[in-house]
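Every chain is named by a letter (A, B, C, D, E and F) in the order it is written, and numbering of its residues begins at 1.
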Amino acid sequence: MKGLLVSTIKRNDDENHPIIKEVYQDIKQSRNTTYIGNFWRYLAFDPDLLKNVWTDIKNIMVKETIIPNKTKEMIYMAVSITNNCSYCIHSHTAAAKKLGMTSEEHSEFLNIIALAAKTNQLVNGIQVPVDEIFNVDIEN
Amino acid sequence: MKGLLVSTIKRNDDENHPIIKEVYQDIKQSRNTTYIGNFWRYLAFDPDLLKNVWTDIKNIMVKETIIPNKTKEMIYMAVSITNNCSYCIHSHTAAAKKLGMTSEEHSEFLNIIALAAKTNQLVNGIQVPVDEIFNVDIEN
Amino acid sequence: MKGLLVSTIKRNDDENHPIIKEVYQDIKQSRNTTYIGNFWRYLAFDPDLLKNVWTDIKNIMVKETIIPNKTKEMIYMAVSITNNCSYCIHSHTAAAKKLGMTSEEHSEFLNIIALAAKTNQLVNGIQVPVDEIFNVDIEN
Amino acid sequence: MKGLLVSTIKRNDDENHPIIKEVYQDIKQSRNTTYIGNFWRYLAFDPDLLKNVWTDIKNIMVKETIIPNKTKEMIYMAVSITNNCSYCIHSHTAAAKKLGMTSEEHSEFLNIIALAAKTNQLVNGIQVPVDEIFNVDIEN
Amino acid sequence: MKGLLVSTIKRNDDENHPIIKEVYQDIKQSRNTTYIGNFWRYLAFDPDLLKNVWTDIKNIMVKETIIPNKTKEMIYMAVSITNNCSYCIHSHTAAAKKLGMTSEEHSEFLNIIALAAKTNQLVNGIQVPVDEIFNVDIEN
Amino acid sequence: MKGLLVSTIKRNDDENHPIIKEVYQDIKQSRNTTYIGNFWRYLAFDPDLLKNVWTDIKNIMVKETIIPNKTKEMIYMAVSITNNCSYCIHSHTAAAKKLGMTSEEHSEFLNIIALAAKTNQLVNGIQVPVDEIFNVDIEN
């Protein structure tokens, strides 16, 4: 086995820092879990950034809003896959499954993102010009 | 105004080629529209490719399946935005709106994809290692 | 001239919405300008998102911190160029120039980002494995 | 453990080839080190390419120029993170640390690149049009 | 060793499903091999998608067409490297080698893709406007 | 028409600078043309960078080597399309056509890059682990 999978900063396992403590407690309570994943433990390198990111995740992804949480996770998966962020793909696929994404939905999802990548590439390769019909200032 | 927005191939406006004719009729019927956008008119440069792409779009995006069509378009938007495919962003945002995506949902969507891009970048910058808990062979 | 450069949402020119008003006043004051660019005027589509983004920009990019503001803008430029975000490239290059980036520094910057893109591509093409020496848990 | 981390070409450990020998000696002397990383040892697959890349790195990144070397490495990191080139992220983060990047600067850096990725994604999602004020031919 | 390399779906080793069986037999026969790689075994999660992808690969990459198969694999490699898809880089580099790509050609290839990435980045950094001469509607 | 297509630096039309003069003469002679495209005229902002890039282009793309020049341009196109560098897509598609790329080859090329983008996305979505068979240290 060649090659290493390591981080560029040290994982911060100090759970006594007041901001880290507060964020971890909120994660555990809001998500009804006892597990704090590596993403948070590494972000804890910068407690203010940890809090900033968690606040966004809580407000946008955890809170019930108009778009169902399972759908939100699938949109998040689509971005993460296109950016090829391995950790993010794993954590958000797991989250979508936990929120009820079935194998059938996962299959449909994979078909959609594969087709999108294919047509994106064709449009870029051809440099298809945008139709006037898509001008929202005219359209709306 | 400097700079040109042109394509690398000529738009094919021949609607009499049998494959092109068949595909355009199917698009008009399946989507209940009379408008054939630039994407199709440029793809018509290669009628077999036109048919191949339309068949995928029809089966995956137009046909009613488990994931609602509006949600499918939002997943497609997420990929297209991350790839910064301008034409695709316009056409699929228009499609999602036509299928009922409201301004509120569009706002939520923008919040989700912006947050995903931010956390993807943080994970890549830190090179956060994947947690063992995400191993589907253990988990499932 | 073929092709359109339009947005997917309408520019919001309502400056009387309390959040929009507050953010615009803060932008004008913090940046000592009277000009509110398109980025903010389109984000105003979602006043809460506008405020969220401005708060981040103000704290990270406008406030004096350890990394000089000119350098921060050059790091921002590097990300925006690699993501090929045309608007962002323009606005942050203009910001770096306003903060004193000279033509010579701009040249050096272009040399650095071009070289980085070249070696990134080589490393990906070869799939060079990470050296053990880069393991921060051993190293630090 | 599933999955392999291997390269697509064999590492070239021949240090007697005249070009390889010359480049390695120059790396050791210019950087005051005895360690030749995997990047160079794999590039040695093509000695002319090895020399071409090292010449660029030496002139742009190692030589003292207007932009301080630590800042150059941070710009290089920004590109490498956005391209998600794992090896490059590790080697240039290590280089920036060696040149004095502190934990506080690393934190600020992570905040900047995360914010840039977020606003890049928003701009692409909205397709914000470039302001006339950014036209350098008018402005300058 | 930290970090995991796992998939988000379980590998499907059921070779008795009629579609999977048919596709695997066709792969073995068309490619004159007994080995079915992980790509196919994971795609088998969705037998229809497996068949859809294999049909495309067979028609475009395996069938003899105008562009020689070795060249096709090198074009495929170029896309996969730019997308940093590790599995794809490995499998298509192996395919190109099997079709006769020599070390000299591999070297030239690496030089080309590295130069392309470098000039792409410069063009994006500078935002070079497209010359009128590239307008195919005028030119052709 | 909204939106601007402008550069971040001014086009340098000074043809008397000794390096610029030498490079332009070499471009005209090596390529048997009288036209100097925008890419070179903007790069002339930094004459040393202009010369560095032209030297690479001349040695790798213009000089006759093992890979035919038309094929080289198609590999360059594949990278540029995947990076969505509009200028680069236009200039290298024009170059490939000038070197004899036919409409049929252009069609095949578009099919290949579209399929590559699709399978790259599927592999990333599934996080398919690399097969042991692709380990060059075992294989070769």
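To be clear about the criterion, contacts are C-beta pairs under 8 Å (C-beta built on N, C-alpha and C of every residue); 3 or more make two chains touch, one makes a residue touch a chain.
None of the values given here were measured: they were computed from a predicted structure.
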Greatest centre-to-centre gap (Cα means) from subunit C is with chain E
Expressed in whole Å, how far the mean CA point of subunit A lies from that of subunit B is 19
Cα centroid separation, subunit C vs subunit F, in Å, comes to 26
Check: subunit D positions touching at least 2 other chains come out as 1-9, 45, 49, 56, 79, 81-86, 89-90, 94, 109-111, 113-122, 124-127, 129-131, 134, 137
Contact graph of the chains (line, ring, star, complete, other): complete
Touching subunit F in the complex, subunit C uses residues 1, 4-7, 84, 89-90, 93-94, 103, 106-107, 110-111, 114, 121
Subunit E residues touching subunit C in their complex are 2, 77, 81-82, 84, 86, 89-90, 109-110, 113-122, 124-127, 137
Note: in the complex, subunit A contacts subunit C through residues 2-10, 52, 56, 129-132, 134-137, 140
The subunit D residues in contact with subunit C across the complex are 5-9, 35, 37-39, 42-43, 45, 49, 53, 56-57, 60-61, 65-67, 71-72, 74-76, 78-83, 85-88, 90-92, 94, 102, 104-105, 108-109, 111-113, 115-120, 122-131, 133-134, 139
The subunit A residues in contact with subunit D across the complex are 1-6, 8-9, 45-46, 49, 79, 83-85
